[in-house]
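Each of the two complexes below includes subunit A, the first together with subunit B, the second together with subunit C.
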Partner chain A sequence: MPDVVVVGAGIVGAACAYYAARAGLDVVVLDRGPVAGGTTGAGEGNVLVSDKEPGPELDLALLSNRLWRELADSGPDGPGPGPAGGGFEFEAKGGLVVAETPPVMEALADLAVKQGVEHAVVEPGRLRDYEPHLAEGLAGGVFYPQDAQVQPMLAAARLIRRGGESFGRGALMLRTGVTVTGFVRDGDRVTGVRTDQGDILAGAVVNAAGTWGGEVAALAGVRVPVLPRRGAILVTEPLERPLIRHKVYTAAYVTAVASDSEGLESSAVVEGTPAGPVLIGASRERVGFDRAVPASVLGRLAAQAVALFPVLAGYKAIRAYCGFRPYCPDHLPVIGEDPRAPGLYHACGHEGAGIGLAPATGHLIAQALTGTRPDLELTPFRPDRFGEETP
Partner chain B sequence: MTPDYDLAVVGGGPAGVAGALTASLAGLGVVLLDSAARLGGQYFRRPADGFRAGRPGALHHGLDRFARQCDRLAARADVLTGHRVWSVEREGSALAVRCAEGDREERPRTITARGVLVATGAYDRPLPFPGWDLPGVITAGGAQALLKGDLVVAGSRVVVAGTGPFLLPVAAGLAAAGAHVLGAYEAGGRLGLAAHPFLAAGRAAEALGYGLRLARHRVPYRGRRAVVEAHGDDRLTHVTIARLDRDWRPVSTRTVECDTLACGYGFIPRIDLLVQLGCAVRDDHGDPAVVVDAGMRTGVPGVYAAGETTGVGGALLAEVEGRIAGRAAAADLGRRVPPDPVLSRRRDRMAAFARALRQAYPVRPGWQGWLREDTLVCRCEEVPLSAVREALELGAADARSVKLLTRAGMGWCQGRMCGYTVACLTRDALPVTRRAIAEPVRLGDLAAWPRPADDPASPDDGPASPEGRSR
Partner chain C sequence: MNPARRLVRADPEPGFEIDVDGEAVPVVPGQSLGAVLHAAGIRSWRTTRSGGRPRGLFCGIGVCFDCLVTVNGVPSLRACQIEARPGDRVTTGRPHPDGRPAADHASTEREAAGPAGPGRDRGAGGGRGDS
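This part shows the complex of A and B:
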């Protein structure tokens, strides 16, 4: 019998499993699909501190940023940036947030001070020292050296693999193609999962089902309101030479992340990748699980990217993909044990920041599982903070 | 807003031209779009006018008839060549067809229509083997395209290999055009079709014709043989030909010197636009094909499919399907179209023949044994077999997760070359890839299209407009 069953083999489930195994627990990871097949496989791999308002999410992001660096440095391929980076292309490339107008620039600079994160305010005339191909006439920007990028699918797969290899192959097992259908209970207490391939008893269960975390919670009779928000990403042809060095985005991204709007919102997020293509985000729409991204959304992403980097106009988009970011009404993730169902821990609802926040989430869950005092206060992430009414 | 046309037809091969002509004869306002400079698709691919080919018809069956159809069509419909369609989607009551017009100097263009007939044909299915990425190795369809479209004979010493009846016209065409064709190697049983003699009867004359032409040029046609490795330093110098067992496992090998290998294992329907539109897809002997009713209607209102998109069946079937689709589109828009049961019966008969052919030439799993760990599976992203195996080890369990972990299928061809291979290696079911962008399109063109005035991201009034700032 394993100590922990982790439901979901995305990046958050992988991190929970990795840190739980590192803490000495026996872990089984289940996924109804393959590894990293959900939202993890449909993002950009953002590891950002720059886009977080001061508060619990920024604290989580800073802890996570430090842990990502540790993971990259301790990888089998050795430390360092570049394609090897921990075996999952960790790249500490830094993020450049640009402002279109002076008032926005002022707000950006204020935010940076409040965040208390390592940063440099960039005068309009110096923007091209950072990004030579940026458009004319921007009002300035803020550079965040801690912002980084990983290849999220590789990161999830390798964390699970590395956990198994480092802490004993029996200690961390991945089982794909297994669907959780319910929970085994002993009174209120969760003592395992029911699956389409039989029951698995365990000391604890971690719900890391991402966008589907609300459904898994419902199987245990508890309400955790996680809803899908569709994000689309446009991918260019591979560029022969890197045109864009950092993660570059407009200030509008910060407001869109925290927005409650139902309709389409988008802001330019542009970055190169080690493999050559440029990734262009980010749109956010609440349209349920509809995978058909309208061409107009792609047009808007392209327009915003070209406005930021006019040179991109001549390059071709060769594909687009979308994913469903799991968001909670207050835009904070759910992390910790559920008092309504002891033995059930949640680690879901990270919206568009799940890649960046995964290691800290896994680390905190492992601390909770082993009864260690958590490095961060978990109260803001309580699973029962939403009440029982439907939103 | 009134749509520009009643019917937009995408694809100017036999199915598209027949469909467009039939619909326009029935009174619809029709536009036909094709990416090439001349109508014809793959089957009726023709040299540009400037080539002054002596007897272009020598390479085609029925080219004269097709050319007459094109002439009649041009007289009563808009024919837009050089238009690459990258997206079709519903916009209110109309369907919006988005394309890039022109060659080097592309312009974005959107055409709206009440209905759309998608007749985008099929593309080659290659199978990988060591050395298949060497210069000199081309697809069977590619060799045929060079010959028909550019009057170029792909090489001087040529080996043709693969499976299916298409190998015969490729080998015969190359031999007739002056290449020394060293052999045509059919991985399946050479007499596969003889197992269905009553079905073969209808087309026996055609097969016999190719057979005679191969014999005249002394081209050996061998069954249960395949090229399992291509050799050469910087280009192809020789190939290993293996005798195969029933499952395509090599039994014995020999090498043959050649400068060109034309290789093809059938065709995969090109259904990107139909998948974008949400049309249902069925498993057609391991390949995706769009589900249609007796009138070639997909389940999506106003959307029709004809030709290879509904299952690979060749040019004759494609033309019949195009005519049926054109009639259905006209009838659905209120034109008087008398029923034509003969046409429907012809389609049923020919579709049954096509099914039998495909059953007679299946791809057998033994080809996976031809690969080595360093054999490239995905050429665009240079992903070797070992990387795919590693991804499976890491927990990838389907073609999509293998792609995400290895980049196989993420490059220029977007998995059109390697998608089948990766699906086989992962034992995945039918891979149906949703491609929001069916053809590469410039970001500047994507960005430029008209949007509602209240859209804050409109390039005319957007705060981030570079023009706005430099003023």
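This part shows the complex of A and C:
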């Protein structure tokens, strides 16, 4: 019998499994689909501190940023932050947030001071020292050297593999194509999962089902409101040489992330990848699980990216993809044991920041599972904070 | 006759040749460029930016975007999704030598690259790839 069953083989499930195995627990990871088949495989691989409001999410992001660096540096797949980047293309590229107008620039600079993270205010005349191809007429920016990027699918797969290889045979087992259909209970206590391939008893269960975390919670009779917020990414043809050095986005992105609007919001988020294509985001819409992204959304993303980097007009966007951010009403993830169903731990609802926040989430879950005092206060992330009404 | 063609009773129109990096390569009408290259024993026609690893047909059905190739001067088209046509000039290798953007006239050349077949847009490699 494993100590822990992790439901979900996305980046958060992979990190929970890795850190639990590292803490000496035997772990089984289940997913109804493949590794990184949900939101993990549909993002850009952001590891950001720059877009976080001061508070619990920024604390989580800073802890996670440090852990990502450790994972990239210590991997058997090659030290980071070189080209191998821990085997998952970790790039400590830094993020540049740009402002279109002087008042926005002032707000950006204020936010950076409040965040208290490493940053540099960039005068308009120096922007091109950071990004030679940026448009004219911007009011300045703030550079965040800690912002980074990983290839999220590789990262999830590497963490699972590394967990199994590093901590002894049987420490971490992956089973894909297994659907969780319910929970085994002993009174209130969760003592395992029911699946379409039989019951698996375990000391604890971690719900790392991302955007589908609310459905898994419901199987245990508890309410965890995770809603889908669709995002689309436009992908250019591969570039021979990097044109864009950092993650670059407009200040509007910060307000879009924090917004509660159901309608379409978009702001330019542009970055290169080691493989060559440039990724162009970001849109946010609450439209359920509808995968049909209208061409108008993609057109808007392209126009915003070209406004920021006119040079991109000379390249073709050759494809696009979309995914569903796991969105909680208060924009914070759900991390920790559920007092309504002891033995069930949640690690979901990270919205668009799941890649960045995954290692800290896994680390904190492993501490909770082993009864160690967590490095961060988990109260802001507690699973029963939402009440019982439907949003 | 080619036994595979006999098996499916194929009776293709007369073949022709296209230019692949200056070499004449035979085409059976209706073949995709990916099929043409594969049939000619060409398994890889570009390399990755980091590591210079070979890339060619991977999925073969338009999903993976690994088989990008330059056709009549238009870079980054999926070989598996484009029908070979008489007069085609295929250039393998890296899409943008020197990291320069595609020339402005490229999109015009694409439109002018020959009449599109029924329901078959030669520009299908661009844009809306997520449906």
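Following the convention adopted for this analysis, the second predicted complex is superposed on the first by the 389 of 391 C-alpha atoms of A that agree within 3 Å, B and C clash if a C-alpha of one lies under 4 Å from a C-alpha of the other, contacts with A are read in each partner's own complex, and residues count from 1 in each chain.
Quick note on the criterion: a contact is a pair of C-beta atoms (placed from the backbone, for glycine too) under 8 Å apart; a residue touches a chain by one contact, two chains touch by 3 or more.
What you are looking at is a predicted structure, and each value in this text was computed from that prediction instead of being measured.
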{"item": "Contacts of A:R161 with subunit B and subunit C, given as first, second, both or neither", "value": "first"}
{"item": "Partner chain(s) touched by A:T101 [first = subunit B, second = subunit C, both, neither]", "value": "first"}
{"item": "First (subunit B), second (subunit C), both or neither touched by A:P274", "value": "second"}
{"item": "Partner chain(s) touched by A:A292 [first = subunit B, second = subunit C, both, neither]", "value": "both"}
{"item": "Partner with the higher number of touched subunit A residues, subunit C or subunit B", "value": "B"}
{"item": "Partner chain in contact with A:R319 - subunit B first, subunit C second, else both or neither", "value": "both"}
{"item": "Which of subunit B and subunit C A:P238 touches, first, second, both or neither", "value": "both"}
{"item": "A:R300 touches, of subunit B and subunit C: first, second, both or neither?", "value": "first"}
{"item": "Touched partner set for A:S64, first subunit B, second subunit C, both or neither", "value": "neither"}
{"item": "Where subunit A meets both subunit C and subunit B, residue numbers", "value": "232, 235, 237-238, 275, 291-293, 295, 298, 313-322"}
{"item": "Subunit A-facing residues of subunit C, complex", "value": "48-51, 65, 68, 75-76, 94-102, 104, 125-131"}
{"item": "Touch list for subunit B against partner subunit A, complex", "value": "87, 89, 96, 98, 276, 278, 381, 391, 394-398, 400-401, 404-405, 407, 410-412, 414, 434-437, 440-444, 446-449, 451, 455, 457-459, 462-466, 468-470"}
{"item": "In the complex, subunit A residues that touch subunit B", "value": "9, 31, 33-37, 41, 100-101, 135-138, 153-154, 157-158, 160-161, 174, 176-177, 232, 234-238, 250, 266, 268, 275, 277, 280, 291-296, 298-300, 302-308, 310, 312-322"}
{"item": "Complex contacts: residues of subunit A adjacent to subunit C", "value": "83, 232, 235, 237-241, 243, 274-276, 291-293, 295, 298, 311, 313-322"}
